């Protein structure tokens, strides 16, 4: 567009919009990050200092399918976002507890202790620090050979 | 022109498509696959690949040929995904996050690619191809050596046992098919990933609209004749760069869509095939180096992939070896690209000759080019 | 001073950098306990292994066909020769030169067709050559499975048909050239005399050819096709000759490579080989329309030196294998540099 | 019209490319609604004049110009053609600058399209506005209407007759609201008579709308018909600036070419005994871009120097290029009585014809190779010279020593300025390159030698040397020479007969002593044209 000069007013206006757009971009990214953040929650029915494990209980996370836990059992569920809904139904007296718990952004691994949840005492949801967190789940030897042509399926194009 | 010539024209025009159609139809029978199965596969693969193939259109409009440099965008998309996995962001948000992260990277990559191609006018394709390899080297350096050592990677699960560098294959558990599943329409025996289709449709609308825009018009002008476009004041180089940038960014999104459907990411090889499949598809669809349309893309994806689905089994049945089918399909892929490039180069030479022949002998109306300034 | 700068610009920065890098590697070698003599021997060996490939680039560059990304055709012919000679159970020199003899006709035929094709698509040679080459390799992949080879050393044991992906040439013509008149100095340092002699011979023949009437015409075609035409040269014919020559050299090249490397690599292995050769000659200082024997020697030496030294030195220094990545970046960077140099549009 | 100071005026404009002056103290005025006919041989300075007017970069790169160019009294110095466009000067080039894949409308409004803003403008700038096709079409139609020609706004340029392309170009220029001055460079060159008629009519209409027009053409009768005033340039000087009223074509022709004879003929050349017919050309057509030969017949006799002249683009260059087989050609040619195969350079060379091309760098030289190569190559390939046996005659390789000797010989003979016989051709000056081309041709010892534009773009000293070398070759080794040149004077100085080519045909063959204005008329294609009128 030679010769078409944009008036300073329009230019300022556009600058504003572009800045706004940048903000929106960052906003979206954080939104995706926050709402999409996935957590692995270990649902634990072991005895704790305060309360002892429940004899039998049905647990549903975010209205998902129900997990049946007996005393000392542990199971895991993956949840997404900032909070989770837990619904437990104790076999013994059929009491139903429904709780909404906030998920910390930082941790990927959380431990939910049902007894303390039932007892409603101190935070039932705590960061889980696995004993062998450092050791990766599966081993995988890696060497540059994996990249070289011989190993690749016939469809590989040349990688000089 | 005479009917005979125009018929011949038609065949050279659509030689690739015709050949391909024949081969595919011929190998459906021996493959022994049910039509339902094949159709379902097509529906899936349309969602998986169309976006990537559409990314090729703009550079073709801008006369830069087939953008083999789209691979750069694919790598950007993969880096986005790696981080999404690293922070364990799942679902559609994960994809969105990857796309948002990949976008600035692919912007930069596209700019680099465009600038390089401007220095290699007339050799765009081979240059783009080599550029893809070059950047691939840098990508590997970053992902294999810097990630985990310089670039912080929090999740040990995606790191190599040696403590830095990303694993060969990443499981995209969290985001697997989250876009496809978002709006899955069941239609009799078929499942249609409507959300993915919508995204693709949106892109198509954008491209159609873009052709109507001033920038699109400039691109066409540049594509037809850089010199004239330049003389009329169009910023030729800049326009070309923009074309490549858009294509690269689209390729970035396309790769993310592709991978979410695949469900896992071959960190170091996933992008190797991107441009190959995309280019083969668009050419099979009847596009040429200078001319391509959205229908070309759709037809191409369907044709190419239907062959890719049936050929291994056909090979198995006919030659008793699935490998033959495997080889055969990549032979076809490469062959198609070669063939249509040859046909194009050969045809364009013929066109110019025909154009000049009309001026031979005592013909009236001299040549349009003067001897220039003495 | 000025002509020094001139020299530098002629030689091109990338090459100088690579050269210095290589020197650095050699200097650094002792500190990471890499034996210099062994390395040098290794470099010599790989230089010989790949020299002919690099040489194969010269004719087509000289005749203006650009970089031969379609060298795969030569390689295919070579592989045919190698496998056939094995099939016939030829051993030793008979085996090796028999392979060359068997490969030659294929190479000439393929080269002729390939040259005819390139003449039809002037200007687009490189991209098309690349893809036609790929397609050719893929086609041969199918052939390797179908062709009625029977020699138990070559076909899959279980199926009893279809060639293996890698076939050892041991017991046939393994290191036939390397060990010919080889000079052993100490336990680590060996000069593969025969190999170097053979490569030297090929280079000499090429040097001679470029000085014949035809060779001169070919160079002129590359330098200015219109001038050549005005002097009564058939441009297309010269180009075809150059392509055939390049293809034959490709065939010889792969055989030389195999006898030293020890294995025949079939199927998709040939896909990548052309690019390595292209990179080598460019590193040697060739442009996409001028190349000399010097470029060949320098290029093969620098490139192979790089490939040999980076793994040994860098890896033992950083405790990681970066050679692959370095190779990818250097070779493609080099090709990219050559493609984006401002050359006259007549290419 | 009667504004105080003229719309455009050149005041004492002088321009030299390095040493040689191409424009010397040129002054003229142009008023609104006036049509100025600008005529002159090639190299008279027309092109340079226009380049200055348009602020073409070359002018600045070669040291600018002296004098003033004023628009309505204001001095202007355009940095780029775009500034000129902004100032309302439109140029219609000889070669079309249209996009074949675009419609008339799209071409007329190329990069000046009407646009509707969109939301994205704010983000990505104006280039993401949408084209307003309707408005574009309206404008295009308006422009076409102003021209007063029939032109469909929706046909693709690639499917148009040549004439319509020309109109589209003009329409594009006048579409700009502010266009006040329109320059047309040989607009009728590619048009048929009838198309040309329509064009002239259109120009008149534009003039009536107060647009000033500079009309450059070699078709003098057209110039006289359409122009109000006439400006004749010769050797960079203004020789005439007069109203056309009462001026005849013959006057103009003589003004164009008439000049105090510079190179006088060598006397003895006059009474030189000419041998039998050596070359006979009948109905030759040559398909050479920009120099199309339509139907040419002539004969050359043994020992003769035959000249071929004419203006650029008329086809004189096509003749040697066609005969030497460098461009597709047809017709019958007999050399030494035997037919000569066309379209086969080798056969022609083997029959003993030689060629010094006008396109030195493109055709004449191996720029990246040494002089020895350039000189010996053709001889080696055609005559098998400069090869020596090796390995007992097993192979024959280049005889570098022999090539060196040959080179040194010619370096001495034509005193080619070079450091060594192996120096690269591209490092030589134009004049010396030209000498190398000659030497290359002589080295094959041709019976008949075509020389085209032997003195183009080389300095005076070299010119003389080259011409003398040709004369000597002709007299001493009896080489018959066909010399093609735009320099009428050197043709008249060297040749025994001079043919003038116009529009792909030979307009006439004259003796070098013939009256200058006759040459001028032939060049202006007058005879042909006038016949066309009387018929």
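A few remarks follow.
So that you can tell them apart, the chains are marked A, B, C and D in the order they are listed, and the count of residues begins at 1 in each.
By definition in this document, contacts are C-beta pairs under 8 Å (C-beta built on N, C-alpha and C of every residue); 3 or more make two chains touch, one makes a residue touch a chain.
Everything numeric here is computed off the predicted structure, so don't read it as measured data.
The central chain here, found by comparing per-chain C-alpha centres with the mean of all protein C-alpha atoms, is B. Between A-B and B-D, more C-beta contact pairs are found at B-D. The geometric centre of chain A is 34 Å away from that of chain B, both derived from CA atoms. The centroid of the Cα atoms in chain B and the matching centroid in chain D are 46 Å apart.
Averaging Cα coordinates per chain places chain B and chain C 31 Å apart. Rounded to whole angstrom units, the spacing between the C-alpha centres of chain A and chain D is 76.
Of all residues in chain C, those touching 2 or more other chains are 134, 138, 141, 267, 275, 322, 324-325, 328, 332, listed in ascending order.
Looking at chain B, one finds that residues 133, 136, 140, 162, 214, 233, 323, 327, 330 touch two or more other chains.
Within chain A, contacts with two or more other chains are made by residues 1-2, 147, 152, 154, 156-157, 159-160. By the touch criterion stated above, chain C contacts chain D in their complex at residues 208, 211-213, 216-217, 219-220, 223-224, 226-227, 229-234, 290. Chain D contributes residues 82, 86, 111, 121-123, 125-127 to its touches with chain A in the complex. Remark: chain A residues 1-4, 6, 13-14, 17-18, 21 touch chain D in the complex.
Across the interface of their complex, chain B is touched by residues 42-43, 47, 51, 81-82, 93-102, 106, 110-111, 113, 115, 118, 126-131, 161-162, 165, 186, 189-192, 285, 287, 289-292, 294-295, 312-313, 317, 328, 330, 456, 486, 503-504 of chain D.
Every residue of chain B that touches chain C in the complex is listed here, in rising order: 116, 119-120, 122-123, 125-127, 129-131, 133-134, 136-138, 140-141, 144-145, 162, 319, 321, 323-324, 327-328, 330-331, 334-335, 337-338, 341-342, 345-346, 349.
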